[in-house]
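The chains carry the letters A, B and C, assigned in the order they are written, with residues numbered from 1 in each.
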Amino acid sequence: MGLFTSRKTVFVDSDILVIGGGFGGCGAAYESRYWGRDLKVVVVEKANIERSGAVAQGLYAINCYMGMRWDENQPEDHVRYARNDLMGLVREDLGYDIARHVDSSVHMFEEWGLPIMKNEETGRYLREGKWQIMIHGESYKPIIAEAARKAATEVYNRIMVTHLLMDKTRPNRVAGAVGFSVRDGNFYVFRAKAVIVAAGGASHIFKPHSVGEGMGRTWYAPWSSASAYALPIQVGAKMTQMENRIVLTRFKDGYGPVGAYFLHLKTYTENAYGDDYEATWYDSIKELVGDYVDHQPVPTCLRNHAFLQEIKAGRGPIRMVTKEAFADPHKETVGWENFLGMTIGQAVVWASQNIDPKETNPELIMSEPYVMGSHATCSGAWASGPEDYAPADYQWGYNRMMTVEGLFGAGDTIGGTAHKFSSGSFTEGRIAGKSAVKYVSDMGHGAPQVDEAEYEALKKAVYQPMETYDVGRNEIVAGTVSPSYLLPIQGLQRLEKIMDEYVGGTSTNYLTNEPMLTRGMELLGMLKEDINHLGADSLHQLQRAWELHHRVLASESVARHTMFREETRWPGYYYRADHPQLDDDNWHCFTLSRRDPGTGEWAMEKAPVHHIID
Amino acid sequence: MPTFVYMTRCDGCGQCVDICPSDIMHIDPIYRRAYNIEPNMCWECYACVKACPQHAIDVRGYADFAPLGHSVRVRREEEKGTVSWKIKFRDGREKNFVSPIRTTPWGSIKSPADYDRPSQDALKAQELSHEPEKLHIDALPALPPQ
Amino acid sequence: MLSSSPFAEVSAFISPTVMQVYIVAMILMVAGGTLFDMVHKKSATYFFRAWRKSTGNATTPVGGGEMASLAIRTVAVEILTSAEFCKVRRRIAHLLTFYGFLAYVIATVIMVFAYPTPATPAPAILPVLWNIGALMVLAGGYWFWFFLRVDVAWEGNSPFRLVRADLFVVSLLVSVTLGLVWEVVQATTDGTIWTNVFLALYILSTTVLFASVPFSKFSHMFYKPAAAFQKRVEEANGSSNLPAPAETPRGKV
């Protein structure tokens, strides 16, 4: 902010506020408009919804599609699949709900113009695997964004939401949110009757393998700054399974996807000596997790575990055998286009290192950990389930409402719902959107009221990093080293190192224990204090500062959950060295946490896993 | 640096600034042209590369692991509904790919508000918009109450 | 005011020769400044190296005749219609400033060289062109300055924020504005000090405009046409790394 600019406060009123314009948010906007014709639906996004979120570069598969119209799958099958992959612990009610609706989302995508590959013989969508269909999805996000723009009353791009606002007339009810424009620096106060959080999960909380420019090539988008978690945590919403971080085995350095390779191209892995290694580890895995190792398909974490053990045994690098498959020109095209429409960086890596899968079997690697809710993982907010069948203790209000009244979630935000991916996240957005409309239409009088004192205090906090920089800058001649403020990147690198070394990152081969977690939380505590002294010299840096705030809060949640679950439920994602085995007797349950907004104290508890599907 | 901007091609129009999901394409104060201010937060998503009307933006793979001399360039033609890629290896090998990106005209999605108003009963039910028709089965599946 | 050369009255105390030498000096500063910039930055070396590389990578070499035709097209399209600006408003603003400046400069040169004194009155068309040109520069320039600059319109910076990229536009606008102000003051007051004050400021700002060529974007008036020509050649000779425009989508969906 310069000499001639003035910072305005802009008030935006709506019935439904959708925070985050990714797949979850766009689904929420669409459905909110369908059911709430006269409602004001506002979408707010820190980037530009045209390409924001995890699907910025496109996708080449939709990984959650039942195909009920052709009797290919039923929703309960998907629940069994997700439950199996997450070692028994999923919210079956939420998962069934997404699975029963997702087909209509996909059919709408096709109607809107998404090119879905067809099986030439049957005329059906071309299956990549049991749950996956293949698409030409370079413009997947722009197509969905068009639908959202048509639905929303207003879309606010380049506004970063930093905090939710609570109702001053009633405890534990949300009333809106605050944020700032990354372009003109104005302060925004969103006043809403219902809020749907559909923001990004957490990348960049663990130190990535590449630490230079290569930091940017994370598997999950670098702009997923854990706002999906921090916003609810700040206002006391209960979170679940935050310990369940995901690690992915992907092509080296570029993290290019392997799904189409395994399923469509029928490639397979081998160690450095040309041997198939997974069977080697069967017995030792059985000792850790018992019968779970016999489930088909083998759970993702267990395949990771075998991979990791093989590397530790010194028989890496592990490679994907592609030479045979790529001899077929059609498969070669699919293999490359898979990257170009989804992870272009992998094509760049191969071009730069002269890797042609026809001639070389490319290397695989296990990634650094991520925390998100829509993939082979299910961290996130604890949400109320579908009214028609959810068990009583999974239902306290409207579908997809968190434990804070009027606060809904979709996509990576919501916990317990693994394997929803893009189509499932959009579908969950639709579910939350309809729910929010019901909630608003049931509300009648007595809409929530924001508290002026609260947002004025937040306004000061939001811009504090710029004030800190402006004043503190006077102490030093030049450069990045200051004794009194931290640049956001410095805070981020410290966070990533703490999480990496103490909470199960790559440098410990994903291992942690109670003493390590204790030490990690001590260091996180000091970092929490230090981030009150971030220095931002521009609005861009201010965005980075708030992304760091959100990441630190989410990381604390991850550390506490990891401490609380005294077992190793998902070897291959992370290990509790002091509790190395799966313990169904004591830990066949969800972990729940709640941070008290007033005191900052955390309370942990267990919640039962209801198996409503056999 | 993941994305970079060719001096001779950029006319400083700002499309890349507008589209970048990471907010890292900004305007250089000396030439008033675009550049990547934070390559370590660049995902190589190519949103800016595709959005640039002058094809002024290109990518050089991350220096951590990508040797020099490669090229992966794209031409996204929205009206035609195609995206074309040209990959050049460091050793000169070349691969070309063309894919469809959309089967319908841009702007043609029907607004949800243009459908018939749903009833109050429908609001209370579990069916989402366009269900069960767009499920292409008779009825929305459900589980018995628990 | 519009009917006579504003420079004619000046010849009473500044000889036409001095004015003409000044104009020649400004033109030399543009050429010299541009040359200095190119040598200092080694940009010409880079440009010709890139040219040779492109020719080396050519799949369909471009002959002399085609080269000439590409050059003519560059002049006709990129230069004369400011076609390299992909945003319509920016293009219009540049056309206004470009043609306005041309008219203004050409009129200045003709008036100062061919009709320097009141004894040799300039044909009415010349001061009219001078004023219209100046007004076009100001219209396009101020519009650009306040509304179209990408760092303001797309990045959200204040229009009053000054960076080095603004040096050319600011010095151009200040110079031309002062020129018009001086002309009006000279025509409406009778021999007051203010006429000479504004003349002095006008000359000062004009000198800054031309002297700052090595530091500003003035020299891009030469670079951009060269780049536009090089782009046409690169597209014609097949040395570009860009994929060709698609004919049809690959196969069926």
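Observations on the model:
Here, a residue touches a chain if its C-beta (ideal position, glycine included) is under 8 Å from a C-beta of that chain, and two chains touch if they have at least 3 such contacts.
Small disclaimer: the values here were computed from a predicted structure and weren't measured.
Inter-chain contacts peak for the pair A-B, counting C-beta pairs in contact.
The central chain here, found by comparing per-chain C-alpha centres with the mean of all protein C-alpha atoms, is B.
Set against the Cα centre of chain A, the chain with the most distant centre is C. Spacing of chain A relative to chain B, judged by their CA centroids, is 19 angstrom. For the pair chain A and chain C, the distance between C-alpha centroids works out to 51 Å. Centre-to-centre, using mean CA coordinates, chain B is 36 Å away from chain C.
Residue positions of chain B touching 2 or more other chains: 18, 26, 71, 74, 83, 85, 88, 97, 99-100, 103. For chain C, the set of residues that touch two or more other chains comprises 154-155, 250, 253.
For chain A, the set of residues that touch two or more other chains comprises 115, 136, 182, 333.
Within the complex formed with chain B, the residues of chain A that make contact are 30-31, 33-35, 37, 46-48, 50-53, 56-57, 68-69, 74-76, 93, 96, 100-101, 103-104, 107-108, 110-115, 136, 138-139, 143, 146-147, 150-151, 158, 182, 210-218, 221-223, 253, 333, 336-337, 340-341, 344-345, 347-354, 356, 386-392, 427, 430-431, 434, 437-438, 441, 489, 540, 543, 610, 612-613.
Those residues of chain A that touch chain C in the shared complex are 2-5, 115-118, 120, 136, 181-185, 333, 539. By the touch criterion given at the top, residues 1-2, 18-24, 26, 37-47, 59, 61-72, 74, 76, 83, 85, 87-91, 93, 95, 97, 99-113, 115, 117-118, 123-124, 126, 128-132, 134-137, 140-146 of chain B touch chain A in their complex. Interface residues of chain C facing chain B in the complex, by the touch rule stated above, are 84-87, 90, 149-151, 153-155, 163-166, 217, 223, 227, 230-231, 241-246, 248-250, 253. If you check the complex, the residues on chain B that touch chain C are 8-9, 11-15, 17-18, 26-32, 53-55, 58, 71, 73-75, 77, 80-86, 88, 96-100, 103.
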